[in-house]
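Below is one structure, written out as structure tokens; comments come after it.
Chain naming follows the written order as A, B, C and D, and within any one chain the residues start at number 1.
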């Protein structure tokens, strides 16, 4: 039975040896040599230091292409023309499935044809040296971003390759990203990743770990995202991680987003051990984008505006081409600069919005309910409790494709555009909180003169790509009164 | 001596006959026939009705090209692809100077070469029929936007040509737009324009008049803009105008902008006669733009966000190509859609920011000071008082190129980015208000560790195009503290 | 009489929101929807289509690997004796591609219709109703003739 | 010894903010600036340059009619016996033009240097100091030789 306990050193070594034999490039990993390599890196490439010492939100895009030289060029461009503070390397889908053979084929085809036949950078195939070439070429810290349920080999190679930040976690890279992986299995695999990061940390190389906050990106109620982020932070801390960046994806209501980011920081510090440095990352809208770059810029800017008010430590930007497909480097850089401009214009302003404290308190209470039920399900153990709580449905994620989650909870926006829960299914929550949600949603139903239904949820899913925040029925004008 | 009195009918006719002989197309104007023409227009082309009955901010771009068919195509595009609610016809610079001969040359050259040899639509040269072709082709109301000190012939022709909204005024189209026109002269000329609009109004065709609120577009303190708008509204009302849209240009500080728009509406209703329907228009940032479309989209979006909170009746949008030159129609439409998206996402949200009431009160007190001094200068007459107040410098506009204004008052931003007055020169203002400005500015000077000086003003002029709101010295980090 | 359609996301793609919306829309339009969920293999599509005697197979792909994931798909269907109408939709190419090229690629792979991600579920339903109509009429004609 | 430059906005253009900044920057750099303000005619530029024995004439234009407004400008200067360095800067073309074309157009019209609206005052000051240096050195050389 899996528990939230630190993997013993010999066990760490055993697994490490085992997984490194999964693909040829694994053999090149040498931990002690890797520590020396990290020590040789200049301070401006040390992810945790740069992030934790920043005095305003740092911007980071998403980006990954198959070939090394293209990836270098892309990151140089995003650093130069996009003025990104932190850079990413997004891994391709085959690697995420541990299909290194298919990734190799894709990489070779990419090298032959010059085309991007993979949707990301196959870091395992590039191996330790390939990764180091990338790290050396770019004058900024780089994070590995992926979506891999079993990221053990990817971690072993990219850590040795000089990366100092690694996204994901056993829940956040399972529930939204896969169908058949069990939670017990992903927790075990991520305990290894975290333990490896912890091993580097013990030797003075603080690897930053970032749970993937947005989950399915689609109307995720803040407390669900926060609870899962905290659990992943706790699991990582147990394995020795000391730099944790908790994430949250914009829902589009400014008050709720600011409240959520504040709750995230506060609860993160409350639940995680004192020796963990907790930072936060805000993801610009992760759901469906409008099929129009001009409108997409409006969505991106609302994210920037929210970031200026909430001041998270990091912002992950979107590009105006999000709807269509992987963006060109120009569009990616444009998303960065649009975000930068609105943040820099708004951040020195004193913008205190009413109702943030109240919303934050609600989010905190909800999160406490979820954390309590997790611990209760695990008899005090967060790893076991997470598995059991997902099993019972007491913990759930809307639109989860995974068999490990009920995926039965359904969100909908209230009349102010805040994400509430419409269908609770078995999600654990105090009755008075449920009542608050119910009241807010029935107010909306009344405004719109229709019943709460899946139709409302579907309308909300499409709303932002259709140009609105709330999916009102197309007839009536909804909540907007008649101005004079 | 010019006074704020209604032009008698016979005088109206005399001037009308006179100015219509300035250019051949003037002869085609027939007032009674024009009334019938307006009566034949469908309700969706009636500017005042559409604007005054709207239940959320209507969007309007700027646009004008020399040839009629191109102008039709342009407006159709902005209506269709840009989803503009209201359309503009921006007049060329020769027409603004009453150089109809040069405009004719330019128009003919444009017709021959297909190039845009004028920077707008020469409506006088197109004549009544040309204007009507445009009005008939477009299924939305269209406003004449220009910058003409002596717009009498332009008004006579465009009103007869079916336009129902006309921007400008004796101060707002003089002080920022010309050097040598005296205020007495422009007031007299605009009294005619307003009287003509009033004549249409009496016959049931309510011509909407819109003072140009942004003035020089460059760090104009809200109270100065509001006072001048009110004066122009009063002058127009005296001549029989019953639909007045008071304007204001974004300064970029959200609290100050929202406060200013609320003050504008409140004071407009307070100062203008009850039978005048007062609406408001918000101009997205009118000063220098960043030389980068991505960053420009951030500036535009901050304007949209502000509009969503303040909910003016109309928003004049900018395009991402503002910096470079007259925008392509695609860029113009993009500015509209970016604005639309962020407004529509934010407008249903309850966003109450602290401190708006306080700032609004300050703006109102300042405006009262200015209005009082104007009336005092004119012994109770607003027309005469305006002339005298500008002469004495008690009323002034920053960066005014006109010899009729001292142009001595200098604005600078405070530590929160609100526009304050750094150099008062002879501007009339209560001492305690001056003290508030002084305190705010010295707080900024302290943050930056430098003296208040013209250098600070120059830095603020460039700040937004350089990517920030406040022109901090390039070294120090300014007011942003060290976050943990 | 209800008609059965099989729906799923192919390959290792996990974008589930689109098919959730499609499932609801096709059900509301009177179809029996067998939703296989995300990360469905070619074989799973074929088995389900066979087992439920589906009249249409609706394949969704968002993550940009659709072309690789659909290689040989129609052979697998044929081997399993599935003779259903096949549609594919979503974000079918990596990057900012021209949709007409993409359409041609997937028609060449054997799909009866190809939809981009701006498609409203209603359009796909209308198309399917038309296509099934024609098929039915044709097969009825065949029955009558033989 | 200070050096005099004449500055103004040509034609019926009223964009004053740029020359306000330029005036301040050139003054701070030690030049004597004669600022003619906005809406300055060719003749006014020529008269002022003559009257103040200016070493440079700085023309600004933002509103898009610069090309028309500057036709024959250098003839007017020549007629008034003005032999100053001439710069023009601002937004020199209507619409979204390519700057290299614009530069060529205004060089053909006789301007010594053409600046776009991204120009920092410092760049123009540096250029002018260089140009005046060269002119001075040349004229000194001429003096020495003759």
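The rule is simple: contacts are C-beta pairs under 8 Å (C-beta built on N, C-alpha and C of every residue); 3 or more make two chains touch, one makes a residue touch a chain.
Quick caveat, the model's predicted, so the values are computed rather than measured.
Asks: Among the other chains, which touch chain C and chain D together?
Replies: Per touch definition, common to chain C and chain D: zero chains.
Asks: Considering only chains other than chain B, in their present positions, which groups are joined through touching?
Replies: No chain B: A, C | D.
Asks: Which chain maximises the distance between its CA centroid and that of chain B?
Replies: C
Asks: Whole-Å distance, chain A centre to chain B centre, using C-alpha means?
Replies: One centre to the other, that is 45 Å.
Asks: Could you work out how far the Cα centre of chain A sits from that of chain D, in whole Å?
Replies: Distance between chain centres: 55 Å.
Asks: Quick check: how many Å separate the C-alpha centres of chain B and chain D?
Replies: From the centre of chain B to the centre of chain D is 31 Å.
Asks: Going by the touch definition at the top, which pairs of chains touch each other?
Replies: A-B, A-C, B-D
Asks: So in the complex, the part of chain A that touches chain C is made up of which residues?
Replies: 93-94, 96-97, 99, 116-117, 119, 176-180, 216, 218, 287-288, 291, 321, 323-328, 331, 399-401, 454, 458, 461-462
Asks: Give every residue of chain C touching chain A within the complex, in rising order.
Replies: Touching chain A from chain C are residues 9, 11-17, 20-21, 24, 37-39, 63-65, 68, 91, 93-97, 117-118.
Asks: State the interface residues of chain A toward chain B in the complex, per the touch definition above.
Replies: The touching residues are 52, 54-56, 252-255, 290, 292-299, 301-302, 304-305, 311, 313, 333-342, 344-355, 415-417, 464, 467-470, 477-484.
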